[in-house]
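Okay, so chain A shows up in both of these, paired with chain B first and chain C after.
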Partner chain A sequence: MNLKTLFKTILVSLLLIWGVSLISVSSNSLASNALAAGTSDTVESRIQPEGKVHLEGDPEPSTTEEKSAVEEEAEPPIGAPKLKRKDYPKVGASSRGIVWIAAQMHLFFAAFVLAVPMFVLVIEWVGMRTGDERYDNMAHEFMKITMTAYSITALLGGFLTFALFLLYPQLMNYMMMVFDMQVLVYAGLFFAESALLYMYYYSWDALRYGNKKWGHLTIGLGLNVAGTTLLVIANAWATFMMAPSGVDVTGAVTGDIWEIMKGPLWNPVNLHRFIANIAFGGAIVGAYAGFKFLSARTVEQRALYDWMGYTANFIAILAFLPLPFAGYWLMAEIYAYSQQMGITAMGGILAWLFIVQAVLIGTILLAGNYYLWSGMSRCEGSKRYTWMIKYIALILVACFLVWVTPHTLILSAQEIKQLGGSHHHLLGPLGIMPAKNIAVNLMLIVTFLSFQLYRRADKVATVSYANFLNALMVAIYVVAIVNVVFAGVYYGYFTNTVYKVGSSVMQVASTLVVIVAGIVIDTLLFKNAKTIPAVWGKVSNRSQYALFALPIAFTWLMALMGYVRSSVRTHWHVYTVMKDNSPDNFVPSIGYAGNMMTIVTIMFLGMVLFIFWIASLSETKQSKPVAIKKDTEKQPEAQEAGA
Partner chain B sequence: MSGEANKQDVGTPIEPASNVLPKILIFSIALTLLFTGVANLLPQVEGEAPVDKEINLGTLTPESFATLGESLFMGKGTCTLCHKPAPLGRAPDIQGENMVGLAESALADERYKGDAKTPEEYIRESMVHPSKFVVKDWGVAGSNDTTSPMPKVDAAPIELSTVEMDAIIAYLQNKDGNDITVELPTEAPAPVEEVASSGGSGGTPAPAETAEEAVTKYGCQACHSMLGTKSPVGPSLEDVSARLNIEQINQSILDPAAVISEGFTDMMPKDFAEKMTIKELTMIVDLLSGKASVAEDKKEAAQ
Partner chain C sequence: MRILNNPVIAVVVAFVVAIILFYLLDHGIMSMQGLPLNSDLTPAQ
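Entry: the complex of A and B
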């Protein structure tokens, strides 16, 4: 069916519906007219039961229902329920554990299916602008993976909703009371997103060239608008539970839905999740490309998936670089909302989790850098820069070690005695945030350097001011590194704690200047540059494992940070408003939480591999079984010969 | 980097890597387990929600009240999240410094516009209205020390009751040797830290079902180190079975003034004989003499 026929069908259907509505309205007015005329022989009058009976001329007697309705008006607004332990249903397993797994699995898939169409739209647009069909094909292939993931997201979302209503009915009642009709908007948007997703994927080839491509891009834009709106609505539920707004101290609703949604943490979480989703989605499709690269059977396939893997990794790392800054903003807003909540996360019971976070981000940066260094083998021109790799690696490892240094060491009484305290005189200072801020900013700066060297590998500048721009770039690196170290050391160790957060802004600004300046300078430097040939597919198989390390670390990291975000509420369902008195109202140990994260990560990766397999299956065609037909023809002869 | 496949090799079949899926699976699981291992190597601490606890007026002394205040200061009050020694603190180090001295200097400060007249009133005011007076350099950034970042401790999420705040004031006064000026609660107070699961309806408390419940009911831990809690007010009961026999333990509870342990004063309430049920007394004595644990071990061995 072509599009014109589809539109015609829709138009005819709408006309039909309108016609039926007209007939229905006419019959209603006919019935009313008949009643007015005193005739009771209509369908409506026959099925309508008697209402209140009173004597003609007397006022209508009021019923107890009406009285209570009047009394209700005078009652104060309903606050959040105060639950006792017996109010929580028991199902023989940890309710929190069940919801934990269901929510995390749903969030993994939801993040993936929301993120992929975002960068697919950009890739499709790039393909249209450059006329390079490889971009279009790659975008289409990414969407193919998303289709299966979308169904799984919906299934898991259904399971999560069921689990929440079954295990935490009062909490869900309260949330429904607060968010009211907004939940229906969410459901409506979900239908819109589903429709747009299917339209976007299945109309890809029908709307591939010319003006029709713009139509296709518009559908993609609509899909992303619906998806992003879904994201921010769901974020409002999570941030309301952390920092409620639009309700009074008892939890009674005092504001409109907008006041409820725009709590102090809503926008920081929106931004953080938006960026993180893109990095996460990029990492997953990167793993898909790695999987296809290793399974490739021709040189072209290998080249295609090498390029696809590189592009996906580029998306993941590019989105990842600003993520710590979005994290700073979120944490700063948490501190501004409640210093107590901030310290619970960063200096209290949850603080040790940031050591695990350091290991995860270290893994991501090391894997990302290793992939870029391996990719340099694609081009002879990279030999000019390979000498720098060992220094970058050294800085990365040194900073990684500083980042994982805990402030309070795990020591026995004897060791504490030998050490003269729980803090080592040299390692102790490395355990606090200023040292870690220096480390993470330096790691980001050198990761950008790796990326810049990789991008420069196949180019030779021809502009006359090349030396000046190179010198300027080096100067910016030097000044930024000095600034990051100075701000961290001076404000971190020689001033009051209150100023530490301020110093991190200075460090972040330095890192951002390097990134922005690097992009601008390279654009000017390589105007009309000579290119040195690069060969796609000329990378080691080992490098592809970096593409698997990224999504594994990203998935675990998402599980970890989601857990921290949720746990800062401690024993509150809705912070300060609705207490959690369930048997699971304690913050579990890091080991338990880590085991849960591993369970969800392995479950997710298992499902992702299933999706990859399904996507590959759709390309596999069984050849027509001609040989079997011949065999059956020959069979009688064989039988005869046998006889 | 731009480029394409080597044109000379286009169309050439290549051998795909062997056992791709199993290798990816092994790699993925190994990396995931590495992260799990790190999480399991770190200190394993659970963050408990506030636990119900009732104070017994009969056993309450200023010192035991201050001890209770210390545990609230460290625990439910979450005071130590911010009140730490420099450079880690985000609020004055009231634990390390003499709080009464700090309160006196604040009251003498010309910026002070609050209603407190004494250190006790000042400490209480700081907890309930933290922005009445903000110590220099400890205000919210940009507020010129007019707004305190401290939450009101009587509101959610901390929700300290009047008795709990008084206990903390007693602790802050007592820790540096100052006189405890707060009055001890004189009538049945609200339970310290709210009771989530108790179905009690006031009046005479229900008899305890276990030895631990009885210990909690009569507030033994307010003065004695036992069952994992520490208190310096009375002699430790962790090793009491090595020092006293069953009869002596019985006597120490029913007639505590008969023998006073060396280094301690006669502070223990004298009315346990009237208050305790026989079953409660037996359970506590069994617990302290080690009989309870022996019986428990025998029960487990029999199973």
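Entry: the complex of A and C
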């Protein structure tokens, strides 16, 4: 198939999808109009003829349509149903538990399959620009893992849909009423994404060089557009349940679909999920590379998968660095929308889960840093910087300990007496947000430092202004760290709350300045730099276990924070609009929630190992059986049985 | 630019640049949020 034919095929497919969507919209509108124009739901009304015959010249009899149209105008809009316990089917198991597992598993896989094509496209583009085929091969191999995951995502999505309609029919009925045709647009996009995904993967070798490569990249771009649109549509459903918009207090639809979608939490969730998915996808493919590295039998394979693991870790950590800021924006918007909801999340029953979150993020940062430090052994030039590692580790551990320090302790009367109050007099101040903000920003700054040292390890600057740029980089690190600590301590503990909250943006900006300045300065500094060769594959096996630690912590973290995001609705299906009256209309205990998160994490990781195995299986070829010549003529049957 | 090859001058200039950068950043970020600062970085409200 030549390029022209391919573009024509894409165009025709898109037109077909568009046409089908339009027809669906029209038919649904017609059906809705017919339903609205219909009379009341009685036997007579259902069997009566559409019109009435009359003799020519006689006056025309009045039709029921006119009457019903008047009646319809007087009808109040349909609000959210007020559910009773009997409205929830009993299936002999916890409905919430079933939906919890199905939804979380679907989200894990969906996050993975949406994220991987994003960075694969960039890797493929880099490969085309540099002419280095390794990039192209790596991108193709990452897509191979995605293909199996994609099928599982669709299966889990189907399971989740059935579970929701079976176990929460009234809620789903209401959601369908609110989102109306948008759900069919979602389904249409899913078809488009599937088509583009298969085209992208299977045309890889057919469109590998020259102008055809641009055609392939265009398909990849289309795939990512479809995937991202799916993501933001699904996010609209979740954020509508948290902060409904486009409906009145009874839940009746008052706005159009755009007003319903663009609720106050939609964009913060869009940004947060977009970035988090990339970090998550990077971590999973990093584990795949680690798996392949450890099972490699040749030096070449070790070198290839070492490089692949490094690239995946680079993607995961780079996407992870701005993630806390996106999360901060989301929480700020939650507080702005409903202070009660914000307090439920961070000051109430769910507050302790943020301590668990700190442990998991600390694990990610420690594992990511450890991998970078281990990777420095690939290059002799890294010896210039290894002395700094112990100080970076010290800051990471100290900040990690501050981050996991709780504010409110669950204590017995005796313990409160011993402590002299519910807060420890020295450690208590470390439990509130200013201390946490200092800790998280410092951890991100030193993680970027590790990253920068790693990148510098195989280079020697040759530009005349190298001394000044190095001094400027050091000064920016030092002043940024002082600024983060000053803002946290001074505004956090010695000024009013408004300045305290405002200063956290100052801290974030300081961290971002370090990252941006680091990238700019290194670009200028290493112009025409001398390179010291790095030996890929010359890295400890231990470092590969850090690559496994990353997806485990990421998966657990997603399960944890997904639960927090969903639970802030407490006893509401749709916050303040549709009450949950099911037997599960309460926030479960932390222990129960922890077990559920752990179950889904283990299930997901088990399935990921299955995917890795399937991907490896496709490379395995059975060698052709060699016929045994001895006695073949005499005993052909026995030989056949033996083979 | 040759003067910046002197390590002491390079370090001093670098720190001066960094301090001015972050000082302006603090004022800018807080002002954008409607929280002005005095010249000594204390709250102006």
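In this section, the second predicted complex is superposed on the first by the 554 of 643 C-alpha atoms of A that agree within 3 Å, B and C clash if a C-alpha of one lies under 4 Å from a C-alpha of the other, contacts with A are read in each partner's own complex, and residues count from 1 in each chain.
The rule is simple: a contact is a pair of C-beta atoms (placed from the backbone, for glycine too) under 8 Å apart; a residue touches a chain by one contact, two chains touch by 3 or more.
These figures come from a predicted structure and were not determined experimentally.
Which of chain B and chain C touches more residues of chain A is settled by the count: it is B.
Residue contacts after overlaying the shared chain place A:Ile432 against chain B, while chain C stays out of touching range. When the two structures are aligned on the shared chain, A:Val478 is found in touch with chain C, with no touch to chain B. With both structures placed on the common chain, the touch criterion links A:Val402 to neither chain B nor chain C.
In the superposition on chain A, A:Ala279 makes contact with neither chain B nor chain C. On chain A, the patch touched by chain B and the patch touched by chain C overlap at residues 496, 498, 502. Chain B contributes residues 1-6, 9-14, 16-17, 20-21, 24-25, 27-29, 31-33, 35-36, 38-40, 42-50, 78, 81-82, 86-90, 137-138, 141, 149-151, 155-158, 196-197 to its touches with chain A in the complex. Contacts from chain A toward chain C in the complex involve residues 464-465, 467-468, 471-472, 474-476, 478-480, 483, 486-487, 490-491, 495-496, 498-499, 502-503, 505-506, 509-510, 513.
The touching residues of chain A, when paired with chain B in their complex, are 84-85, 249, 291, 294-300, 302-304, 310, 338-340, 343-344, 347-349, 352-353, 355-356, 359-360, 363, 375, 378-379, 406, 410, 432, 454-455, 457-458, 493, 496-498, 502, 531, 533-538, 541, 545, 548-549, 552-553, 556, 567, 570-572, 575-577, 580-581, 585-595, 597-598, 601-602, 605, 609. Within the complex formed with chain A, the residues of chain C that make contact are 1, 4-5, 7, 10-11, 13-15, 17-19, 21-22, 25-26, 29-30, 33, 35, 41, 43.
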